[in-house]
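So that we are looking at the same thing, I have put the structure below in structure tokens.
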Amino acid sequence: MRIVWIDPIVADKPYVGALQAALDEARHPDTELEIISLPEGPAPRHLRYHAYEALVVGEITTAVYRLAAEADAFIIGCFYDLALREAREVSGKAIVTAPCESSIAIAAQLGNTFSVLVGADKAIPKMRENIRAYGLAHRLMSMRPLNMGVLEFQAQAERTMEAMLRQGRKAVEEDRAEVIVLGCSAEVGFHRTLQDELGVPVIDSALAPFKYAEFLAEAANRFGWHPSRRWGSEPPPEAEIREWGLF
Amino acid sequence: MRIVWIDPIVADKPYVGALQAALDEARHPDTELEIISLPEGPAPRHLRYHAYEALVVGEITTAVYRLAAEADAFIIGCFYDLALREAREVSGKAIVTAPCESSIAIAAQLGNTFSVLVGADKAIPKMRENIRAYGLAHRLMSMRPLNMGVLEFQAQAERTMEAMLRQGRKAVEEDRAEVIVLGCSAEVGFHRTLQDELGVPVIDSALAPFKYAEFLAEAANRFGWHPSRRWGSEPPPEAEIREWGLF
Amino acid sequence: MRIVWIDPIVADKPYVGALQAALDEARHPDTELEIISLPEGPAPRHLRYHAYEALVVGEITTAVYRLAAEADAFIIGCFYDLALREAREVSGKAIVTAPCESSIAIAAQLGNTFSVLVGADKAIPKMRENIRAYGLAHRLMSMRPLNMGVLEFQAQAERTMEAMLRQGRKAVEEDRAEVIVLGCSAEVGFHRTLQDELGVPVIDSALAPFKYAEFLAEAANRFGWHPSRRWGSEPPPEAEIREWGLF
Amino acid sequence: MRIVWIDPIVADKPYVGALQAALDEARHPDTELEIISLPEGPAPRHLRYHAYEALVVGEITTAVYRLAAEADAFIIGCFYDLALREAREVSGKAIVTAPCESSIAIAAQLGNTFSVLVGADKAIPKMRENIRAYGLAHRLMSMRPLNMGVLEFQAQAERTMEAMLRQGRKAVEEDRAEVIVLGCSAEVGFHRTLQDELGVPVIDSALAPFKYAEFLAEAANRFGWHPSRRWGSEPPPEAEIREWGLF
Amino acid sequence: MRIVWIDPIVADKPYVGALQAALDEARHPDTELEIISLPEGPAPRHLRYHAYEALVVGEITTAVYRLAAEADAFIIGCFYDLALREAREVSGKAIVTAPCESSIAIAAQLGNTFSVLVGADKAIPKMRENIRAYGLAHRLMSMRPLNMGVLEFQAQAERTMEAMLRQGRKAVEEDRAEVIVLGCSAEVGFHRTLQDELGVPVIDSALAPFKYAEFLAEAANRFGWHPSRRWGSEPPPEAEIREWGLF
Amino acid sequence: MRIVWIDPIVADKPYVGALQAALDEARHPDTELEIISLPEGPAPRHLRYHAYEALVVGEITTAVYRLAAEADAFIIGCFYDLALREAREVSGKAIVTAPCESSIAIAAQLGNTFSVLVGADKAIPKMRENIRAYGLAHRLMSMRPLNMGVLEFQAQAERTMEAMLRQGRKAVEEDRAEVIVLGCSAEVGFHRTLQDELGVPVIDSALAPFKYAEFLAEAANRFGWHPSRRWGSEPPPEAEIREWGLF
């Protein structure tokens, strides 16, 4: 099985290294993993701002379109779940997952309620809207900001852990969350310690969409549960794409 | 990995045979599967009626409590998802899944909308309430009854397939469902033909919670994502259980 | 009129005494009241845990099925409203009420908003889900835990009152609740003092479902407003019940 | 106990007669009933139009304010539930009920779902908004118009019954309603025949708020469950009313 | 274009002066503005209480009915948005707007979330219900009371500004509101200073419905986008109004 | 006032001509209008598919970023409302509107309910999700497809009008919509005839966001109601944009 992780930013070495290590350790023996980052220039180094997302939505979708035939699943590596609808449309038979959607789906299996630890207040409105669209707003107890930049999580691991512990504890004890979700895929590598300290499951939002993708791709291969291609999931016609030179 | 399917009725040979075959073919090589049925007398032969469910909620929960230490996951084999909250409370480190919840979680990954083919009108209000509680009511296009008894699905395979095709086609073409969910775990064995005919993914509600359980149990073992035991997920104290002779 | 209160636990003397006294004082002259407790062994002494509920769902439903012809109404005496759907299915022409549903229906008539004083945090997620299913989540301001066990309410009346006053005051003054609901039918006997102190109506969740049952049973007798028996409310066929030896 | 039914229109003899007879037969022996109609001129003869409602909101509220001390409960006799919030504010210790709110509260106890038979399409948007505000929109299967004027129900009883049967049957058989609600208090007198024909409970929206008022007023007298007077339910100060010569 | 502001209380000089000045400055050159207050006696001097609203609903609706042919738009000058449905029914081709509805529509264009500064706690439940009915409850972060009477806003301008700054700051910094709405049309004249201090847009709820009315009336004149007169928006027949001597 | 309409596709002459004419006729005398189309190659000729949207999200956002200082408002000319959040983030003091959001905001002022006439079934799920996110799903009666391509609306005007009349009539008469919304900004030019035929307001989704933009830009200029820049609306820092060479 071949799974492609799309890192929707310019490659950031410490993060990609940590991610590669975490996913490699987590994958099934027969899962082949590729991580794709984007070229500097068009793409930014983080996606804190929605306008930055805008700059890579086309590239993510194009990558999925081009690699659709060679992959069983794609993961869009950002908790904003950007380009999810667009990428799914052109993924052919391949599955597409995204961190927020997968993480809260798993959280909902492990407890009645969950809280999300996000990097910054900035992220809250869009994430809240996504969670509402996914149907789980009534189980979200709080979104607590770590007040850190995306690039700082790996670079300042100690500070990250400290902030996660402080906000995670408040989420569990004050907001009564039964599960914690790490609301940035760059927060990879911290979940286990946090989980041991807090005494509740802590969902790593890099592992969650990766394993969800593996699971769904296996189901697709076994049972034919490939993405629907009817109604809103109808893909653009190949002839038109070629004629207009798109993607 | 050891997974226990709890068939919450008196063993019905044709169904259990079909189920065992389907799950055996679907399981990972290292997944050990056990199917438990209930003894006649207390338990009925189908669960169409909610009062029948009442008769087995205690037995399901007791089974999960007793086997919790020896299993990685349990599946409650009825699309009513009965005893789900109760069983999860005493499953210890083991995962518990159920057909409706798992099936619509998968359906939501494969299309924007879904319809459910249920055995009878009788089932609709409770299932609709469950789907609303799970947060996906806004994506449910319709629930269409096959007008068949639970025990007839396997016994009258041809009639079953015909009814599924007729209602499934209406669900896709008239109600604009992008994915079909088979709303009874006794509808096992029909999804592939239906899927080929209808041209949209058809989620088998026996396979769905089984593979979801396998997936979550693997994640639990790898990442420590066992069920939360805080707040609403707090289990009863062992001392009290022993003192009162419960389970 | 004959009304049966089903106390879904092993008889706890102080509580049953207080309950009997309160209901006796509250009943219409022509209402005949019977309180049924369950036999020790299968049944626990409190229902704080959902797995404990599981142990009595069958017994509650069986009791309603067996007594349906002789009663005008049943009350399921626990604020979790357990077995409500199941019992209603086999109650024949008799009404079935439950504490949470009845209490918040009354609260919604007396003010714009309400808060619930529950025994423990444990209870909150299930009760919140029930209130959401009943359609009144937008009027619930808070659920505040008394941090007491169910069996302590009557045994430690002074401590109970103190905790109720403290949390009730916060619910009114900080959470802006206009009505208070006592979220456990074992909290019987405290509402009047609390109400005088807090200056807002305090709904006793033993009296509420009892009087609601009396009211609905009278309406059933006068106007023929017995439970619907169509669609999701269709009861199991007597022939099947007999053949399988159920209930 | 003294209950005042406010007929928010100019007295229409056939209707008031039918209403008086129905309520008299339904009341408790110790319930004293008064029906108040409004004087022609300001008040219209029916309230199909919302602008007509506007003309009587002040009169209804004034009547409740003036009679508050002498009554245990008021019913606002129109399925639009007009002036409900306003009247409740000045009812002092007296209960105020209204047809739509009471009828669907009872319907929700008797089945999973309900449909409303309204006089005309005109009424649907406001009633739908009320039902959504009351929290029961997810249980409303349909609103079906009888295409009759309010004044025709009593005057053309045969045509009324025929329309009710036709639309009621569709509501039950096609829309899968388990309970029918008659969406106009002028539809009084038809529920029993309809109920016998349709085989599901049919809630008369004159009887429903009347008996609900009786029930709540008894609870108020027994348990002190009078309307809350905090926050949004705070009444205007007497001094200000007197100073400004209001009501 | 002719726009009529209906001040639904007895004329309060300081407020009407401030309002007239603010609207005059804000109007298009070709907009003719008239402010109508109500005669003392029936009408109160403020509308804090819902029963006071009841006293003027008929007058507001009557005024709109009578002036419909001569005006392009009406504004109902109270943040309770009272009589909105009623007035719209008889406004003929004229637009009717109201402060809460218009203000939050604008706020939703300027930020993800908003908070409302209300005069008193009293107002919160009705306003919250309105905002829920308008569909924007998920974007409302908080309603914060200024603890001032409606008549004090203009009379005690310094105290008003101080309270607005204190509560507005909390709404922005603690509740994370991106936009502030002034929840009383008598709060006119303060928005600019507040906006400069808080650094977020502050919607004045007198200017908002006035400019919204101007905008919609222009669109009505240009594009024929007059109010719908079908279904729930059908007006009462003129013949009936004349026959019964209404309005 | 300067308003920029961003046509998010390759310039299609008939459509741009019709659009320019319609907006020119509709603008205020002092409104300066510019219509920007995108260069062929990256951009497609229509946006029926979500993957096509992905290709232009970056360009739309970049255009808004670059022109922010010179414009008072932008309109994103597609009923999918794509790039709305992204563009708003970098619009500085300028307003950004979009067809769906503006059209249903206006529709909600003119009637209780509305239906949308969309080009094709394909569009329904995303539009439905948008309308749900905007909070007006409870007022949407239906989305009816015209079964026409975006490029055909202007090219085959007679067929377009015929389809609109057929589906519009069903929306009004069968679905009980009080207002019709044309769900594609390429449907410009048809609203007036349709409106005359159907007898209800028909919202043109090119005129709607254009006039909404004009209205909001005027309010921004007059009252300082520029977009919030706090929390989720915080823009990316200029220094970072320059350093990374973005936009």
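Letters A, B, C, D, E and F name the chains as they come in the text, with residue numbers starting at 1 for each one.
Basically, a residue touches a chain if its C-beta (ideal position, glycine included) is under 8 Å from a C-beta of that chain, and two chains touch if they have at least 3 such contacts.
Remember, it's a predicted structure, so these values are computed and weren't measured experimentally.
When the CA atoms of chain D are superposed on those of chain F, the rotation angle is 120 degrees to the nearest 5. Two copies of one chain, chain E and chain F, touch each other, and the residues they use overlap strongly: the shared fraction of interface numbers exceeds half. Each chain gets a centre from the mean of its Cα atoms; for chain B and chain E, those two points are 52 Å apart. With centres set at the average Cα position, the gap from chain B to chain D is 44 Å.
Annotation: 30 Å between the Cα-based centres of chain B and chain C. Looking at chain A, residues 112-113, 121, 124-126, 129, 132, 137-138, 176, 178, 231-233 sit in touch with two or more other chains. Contact between chains, per the stated criterion, is found for A-B, A-C, A-E, A-F, B-C, B-D, B-F, C-D, C-E, D-E, D-F, E-F.
Remark: chain F residues 40-42, 44-45, 48-58, 60-62, 65, 83, 85-87, 89-90, 121-126, 129, 132-133, 231-236, 240, 244-247 touch chain A in the complex.
Chain E meets chain C in the complex at residues 121, 124-126, 129, 132, 137. Those residues of chain E lying in contact with chain F across their complex are 26, 95, 97, 101, 105-106, 108-113, 134-139, 172, 176, 178-179, 191-192, 195-196, 199-201, 203-204, 207, 211-212, 215-216, 218-219, 222-233.
Chain F contributes residues 112-113, 138, 176, 178 to its touches with chain D in the complex.
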